[in-house]
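Notes follow the structure.
Read from first to last, the chains carry the letters A, B, C, D, E and F; within each, the first residue is number 1.
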Amino acid sequence: MHSNLFIDLAYVAVAVVFILGLKAMSSPVTARKGIVWAGWAMVAATLVTLFFPGMQNFALMIVAMLAGASVAWWSGKKVAMTDMPQMVAIYNGMGGGAAAAIALLEFTKGEVHGMVAAALAVLGALIGSVAFSGSCIAFAKLQGIMKKAFRLPKQDAVNIVLAAITVILGLAIISADHPGMGWIVVFFILSLILGAIITAPIGGADMPVVISLLNAFTGLAVGFEGYVLKNPALIVAGIVVGASGTLLTQLMAKAMNRPIRNIIFTPITGEAAEGEAIEGTMREMGALDAAATMRYASRVIIVPGYGMAVAGAQHKVWEMTELLEEAGVEVSFAIHPVAGRMPGHMNVLLAEAGVPYDKIFDLEEINADFAQTDVALVIGANDVVNPTARTDKSSPIYGMPILNADEAQNVIVVKRGKGTGYSGVENALFYKENCRMLYGSAQEVIGDVISHVKSMG
Amino acid sequence: MPLVIGVPAETVSGERRVSVVPDVVKKYIGLGAEVVMQKGAGAPAHYPDEAFEGVKWVDDANEVFASADIVFGVQPPSQAHIGKMKAGAVWLGMLQPWSDKARVEKLLKKNVTTFALELLPRITRSQSMDVLSSQAAVAGYECALIAADHSPKFFPMLTYAAGTIRPARVLVIGAGVAGLQAIATARRIGAMVEAYDVRPETREQIESLGAKFVDTGVSAAGTGGYARELTDEEKAQQAEKLAKAVANCDALITTAAIPGRKAPIIITADMVARMKPGSVVVDMAAESGGNVEGTVAGDKTWVGDVLVVGPTHITSRMPVHASEMIAKNLFNFISPFIKDGELALDWEDEVIAGCCLTHEGQVRHDGVRQTLGL
Amino acid sequence: MEGIVYLYVFVLAAFTGYEVISRVPVILHTPLMSGSNFIHGVVLVGAMVVMGHADPDSPVQLAIGFFAVFLGAANAAGGYVVTERMLAMFKSDKKKGGA
Amino acid sequence: MPLVIGVPAETVSGERRVSVVPDVVKKYIGLGAEVVMQKGAGAPAHYPDEAFEGVKWVDDANEVFASADIVFGVQPPSQAHIGKMKAGAVWLGMLQPWSDKARVEKLLKKNVTTFALELLPRITRSQSMDVLSSQAAVAGYECALIAADHSPKFFPMLTYAAGTIRPARVLVIGAGVAGLQAIATARRIGAMVEAYDVRPETREQIESLGAKFVDTGVSAAGTGGYARELTDEEKAQQAEKLAKAVANCDALITTAAIPGRKAPIIITADMVARMKPGSVVVDMAAESGGNVEGTVAGDKTWVGDVLVVGPTHITSRMPVHASEMIAKNLFNFISPFIKDGELALDWEDEVIAGCCLTHEGQVRHDGVRQTLGL
Amino acid sequence: MHSNLFIDLAYVAVAVVFILGLKAMSSPVTARKGIVWAGWAMVAATLVTLFFPGMQNFALMIVAMLAGASVAWWSGKKVAMTDMPQMVAIYNGMGGGAAAAIALLEFTKGEVHGMVAAALAVLGALIGSVAFSGSCIAFAKLQGIMKKAFRLPKQDAVNIVLAAITVILGLAIISADHPGMGWIVVFFILSLILGAIITAPIGGADMPVVISLLNAFTGLAVGFEGYVLKNPALIVAGIVVGASGTLLTQLMAKAMNRPIRNIIFTPITGEAAEGEAIEGTMREMGALDAAATMRYASRVIIVPGYGMAVAGAQHKVWEMTELLEEAGVEVSFAIHPVAGRMPGHMNVLLAEAGVPYDKIFDLEEINADFAQTDVALVIGANDVVNPTARTDKSSPIYGMPILNADEAQNVIVVKRGKGTGYSGVENALFYKENCRMLYGSAQEVIGDVISHVKSMG
Amino acid sequence: MEGIVYLYVFVLAAFTGYEVISRVPVILHTPLMSGSNFIHGVVLVGAMVVMGHADPDSPVQLAIGFFAVFLGAANAAGGYVVTERMLAMFKSDKKKGGA
């Protein structure tokens, strides 16, 4: 394949802009700029490629481009915000498919020369095909087209056997001087099946992580095919995405508290995870998550309790409040009549920390506001936010008015572990769908949240 | 005819609180009740008559008692006033149920229903009715102020142009509601606070307020959360550690009252004698006998160069808010049972049942019956 | 051996990819995933090149090429639209005062 | 023969402070002086005689005056005591130089050298000798405590089981040393504090303590840092804004005393009348006439439902530390001139010269001479 | 030049370890590990190179290696800690010299083929030579061998003319098919002179920045020669150092508040900058600097004053204190008798922030400790740390005892600007050698310090 | 054209160099400078290679080669020693308790 210096340099520039764009996208402040830069770079890359030496088939190519682009553009614009994840999945799958198709075409043309190129072509084809079929399944599941989680008997064993066969076939193709087209087609088909059956049993809740993984896969596939085409721009863009995507997948899995291995090998079966909260499961959350949730909220209500007093966390809590307010978040404190262990316990501590009186509200003043609040941050409080007090006549706390923290969009509960409050009863709030536990002593946890909030500029 | 709620002026000397405040009266009227008040009943608590809206004013307490279906009181009613009550009427407030057998007999004879909030079961739901707690909060705050005000020393650390004054050490005995409030208040003013209580779970509570727990090395924690009896040796060790802390402090606040019983003597005369010149002792339990040997209730006495203050009617030092709290506590207690101007008590209700002293000519509270021998 | 230079490119690109997003708040996880999805849409370029060099007389080659370009274009266009829409929510007028 | 320092017991009734404390006495002895004290001089301030080491005790004040080369006092000496002093002896302490012509004449006649710390030049170096400042700090702290203690309301915000008590509003007039201290103390206890002073630079100081400056919209800042005279219109505006703040507060503390002159009336009877029932006024300037119209010095009066407290001898409420501060101030003033048991005053020293009231039969302070007409 | 796969892969590994090592070195926690990793990688690279195909001259080569290494090792070990900067300079110069020598040898051998290679060879030679001679001058100045700052008349013009001639000569060499050795030698000589005369006038205080710049230069030179040798490991290591060195130079210049341009074009003449504090100059410092200085101190004394009260910074100050103590720093507060505007002003605020009493000391208790203290942090205090109170009889504050903050190893003063204190007099402390100003309102500044301290783990 | 791949290597290396030290406290400026000084000591490898391929019979080539290796070795060895000594001061036993 030949090119010329101008085109080569243009590709270099495109690769650089992609990297800068990606960097920009990892901070909320510059994210928007990032995608716009990357968008222009993509346009430039496409235009430049039209002048690539020895190009033919322009008419058909342009039809293909326009068709693909307009279908995707239109669907991407029309879809509801809540359906975004499956769109990401399907577009990603298409990228993987494209990479696989490139490999297929190169094999068809017999233009894969040399061991390394052959290996990378095959690897790219495998990964690209897996990404393609896997993403299609992910899309189908999220879109509700495929309703049931599909799980073979002895799924893990089947996966391994199928993968092994595919890999062996791949090795054969690599080592063959002129691999037969038949084998190549079989190889592609097996790869597609592999992608599908790996993804099929994975549940809805784990889908974002899987999509991210498939996204990293596509990146790698693109990078490998870039080598086959001796196009470093493809290599750089693909591998950068592959690496960052892998990291991102890890981060996402960590944020969801699900090791990647568990997701793929013992998936949560779809239904349960997609449905309502499971009685008996508290969901954890990390400090970074909590920080971002509050940092980008417009309203936060803090509910302090005896645990804040025990931890002596009041100064940190106030510092966090100030930070959030600087970032434009409206923060108030909701004091339950019997929070703590003496009348005015919370007042004394908040005053000590310097919280101005006009941010402090009692139950009657603030209880109606929870429903319009993005985040209720419960710090070492327990009984005073326990919804069973409203409903369960047998509960020792029945009849006590409680702070309606559970009505907030998100509830974040800071406590050390599974300890109960003064009354010793279990708290139904902690099991609710919209509630996340942020474990640790309040002082430290809030300290962590503070540093994360700071890092968000 | 709507329910009539009666509020007489308090008669006990030194008492400045009142059992309703204007906001609460408004709510009773909103529930369909009529409120009859004795003129000037709110005045000692700085609630002038004009502040109350929609009230029927009468000149004399007798009229209040004679006309009301429910009578409120911060202190128990006198024999004479009980005599004026309608049969079947309800009396609600603080009744000192353990102390005066004759009063209880008179109540039985008049066949009135009485609720003594001292008997309130301490369950979660009843916290909003808990007069003992709310008044303890007032008392704890006041005692810390009394100590600061009477101390011949600065409470806070203070660096001034010619030197530095180190912060005063305040020791609080008893970390119930009042004790914790005293700790918090003394800390706010700037003192270094230590505190002691027999209940071991108070350690965490004391520390949650930034104070230090006096560790006597003896734990009274027994099985099932009850305190166990200490051995003599342990008692001696405890007393010794305590005496040291007492000798070391600049101000001592004792809050260990036990409702219905004489307060335990925790600080002996000997311990007081070992205190530094210019120290101050505020014995919040003075009214019920005192935690400090030699306290004179209602007076200040010098024991050597140590001032021992035995305040009484502590909550009457802050009648505006003490009354507001009581008024809300009483309202929270009784209002669920006032519907459309009628009183409909639910005797199944644990709180109602638990608080009732007399009803239909019977003493309903076992403990009181046994104590008074009725 | 030229290949080894490509290895350096691979290694350095991986480094760059890793460093560049090493600190990203959870709230950006999905947009960032979508953004990087867009970036590997550059596969379109590869697809164009292979299609451009396909034998105009081989319907199979043309079909595969067409398929590749179609998919690549969809990846790029769709990736952009979706990412842009997600990130439009991060208008930075949120911040009132500076620190 | 070494220098003899004499410390008589204070005679003014209500005065509990003393002009030396044990630590300081030790230092004087370390400088080679001999200290003669009247028995029991430290007792009212809780410094028992045993606490002082190396002191020569005498029974009678006259003996102290007769034998000492330097006499210390917290209050001015009586005519009789002055009469007992050695010719050429030095008297050091608080002398109320502006108030008693006869006393000054007697001092001149006896030819004693007197240093009145009220006259201390307020330069940076002299801050460690500034009795007015140190005692103002005590007074400000005490006045805030008096206000809190006398208020029938909670100062801090307090959420309890049946509701929330909003914090009290405290207004402090005059933000000198005492005023700032009162602000700080009231804030610590939990009140919301506003403060007002005519000097505009106090705004920043008030805000630095977390309180709000009452903005009357009128600035008295003139040229060269001196306050300018306000127009009548401006005065009216100022008074109106102030009256509003007064009507709005739960406790008012006034601290605007002017040394040697009658305190200005800042709060009129009308403003007090517009205060809420149950409000408290503490007039720190009571002793010098009061900032509040109708204050009775040394007493508490009810003006309507507002309690006006006019405390006197405020610093004697905290004699331990007030005495310690004075003692150190006096020591910092005189000790640089005691060497090897000899007193060698340096009349070139700005502070010595500025503080001197009488020396060699002459009134050395121009202002006092003019005021008293000597 | 030929190599083999094993050697190539080894080089890849070496390059990776270099990058990881450099990354590790940019955090205090891992810095030590970083240099050790990099060290082993260097050993590996050297050993592997001995097996490079077609190598000769081993005996002489090993003599050269041992000689160079042992001289450098021995001098690096022996030198006093305070003389480190000049050692860095000279070793760096040697690297630049080596790069230049490589180019010279390749030219001599006539092995520079192609325009790009020639261009990079020449560029590397130029930069390497400049780094070599410049570093030698830097070494000589810091070592005290060259005492006077040496400045030509019209220095800037001379620099530009000489640079222009050198560049033109370089271009000639690049475009020539077989450049004559004579021209090449002249080119090298001119390059060396250029390095020397650019560095000669630069003053001692600016030296670290210049050394860093020359270091980045050497990196680039090495990278360029790496291309000439078709050795990507050299390229990667060299360019990574070139880029990070450039960034580092900028950071250092910023920390010293001297734009790089000013350093090179209008240098501070040596003597003044090397000598004692100049009456009339306050030196600024950034929050990051301040954070690191305190974070790695063992003892810090904080002197709060009225400015802390005005800023309401007490909570932040206490938070910073806690952080420092967690990191093992001993922190105390020194309260001057008249700090603030009322007796006990600081006490009230510190108590509000929750500073325990046992960390607060008054003048008499703490004044002797300043001399044994690493950092005195003065926050919004002025008069109370003004040393003129000790000496200047005419000053209105003469005779007031002051806190001996000036006796601490380092003094950091937080204030908004050039404002004086209550007494209105200038503060001699701010002009002292060991004092740095950290401008800004105390609340914000300390907030910044906190985030930096946090980032140091 | 192979050269363009090298351009990618240059660009990516520059990126990596920049990202890798983007946050460094002032106190590490000098050690980091010294550390990167050590790293370009890898020039020794280049010097060895050119000297290894110098004409054994050309004293000029040998001399230049010798010079290059000598300098490169000094750069590497000296750079290491000095950096190591500076960083030895950062023993992390400073930290008492964990956060």
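Heads up, the rule we're going with is that a contact is a pair of C-beta atoms (placed from the backbone, for glycine too) under 8 Å apart; a residue touches a chain by one contact, two chains touch by 3 or more.
Each chain and its UniProt protein: A, E = NAD(P) transhydrogenase subunit beta; B, C, D, F = proton-translocating NAD(P)(+) transhydrogenase.
Quantities reported herein were computed from a predicted structural model and do not represent experimental measurements.
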| item | value |
| --- | --- |
| Shared chain contacts [subunit B and subunit C, defined touch] | A, E |
| Farthest chain relative to subunit F (centres taken as mean CA coordinates) | B |
| Centroid comparison with subunit C (C-alpha atoms), farthest chain | D |
| Same-residue or different-residue interface between subunit C and subunit F, half as cut-off | same |
| Selected interface, A-C versus A-B, where C-beta contact pairs are more numerous | A-C |
| Rounded Å distance, subunit A centre to subunit D centre (Cα mean) | 68 |
| Inter-chain centre distance, subunit D versus subunit E - centres from mean C-alpha coordinates, in Å | 57 |
| Between subunit F and subunit A, distance of the C-alpha-averaged centres to the nearest whole Å | 39 |
| Overlap residues in subunit F, where contacts from two or more other chains coincide | 5-6, 8-9, 12-13, 15-16, 20, 99 |
| Shared-contact residues (touching 2 or more other chains) in subunit A | 19, 232, 235-236, 337-338, 343-344, 348, 351-352, 354 |
| Multi-chain contact residues (two or more partners), subunit D | 127-128, 133-134, 137, 156, 158, 160-163, 188, 190, 210 |
| Interchain contacts (touch definition) - all pairs | A-B, A-C, A-D, A-E, A-F, B-D, B-E, C-E, C-F, D-E, E-F |
| Residue ranges of subunit A touching subunit E (in the complex, touch as defined) | 315-316, 318-319, 352-354, 451, 454 |
| Partner subunit A, residues of subunit B touching it in the complex | 123-125, 127-128, 133-134, 137, 140, 177, 180-181, 184, 187-188, 204-205, 207-210 |
| Residue ranges of subunit E touching subunit B (in the complex, touch as defined) | 335-339, 343-344, 346-348, 351, 354, 357, 360, 362, 364-365 |
| Contact footprint of subunit A on subunit F as seen in their complex | 1, 4-5, 7-8, 11-12, 15, 99 |
| Complex contacts: residues of subunit F adjacent to subunit E | 3, 6, 9-10, 13-18, 20-56, 58, 60-62, 64-88, 90-92, 94-97, 99 |
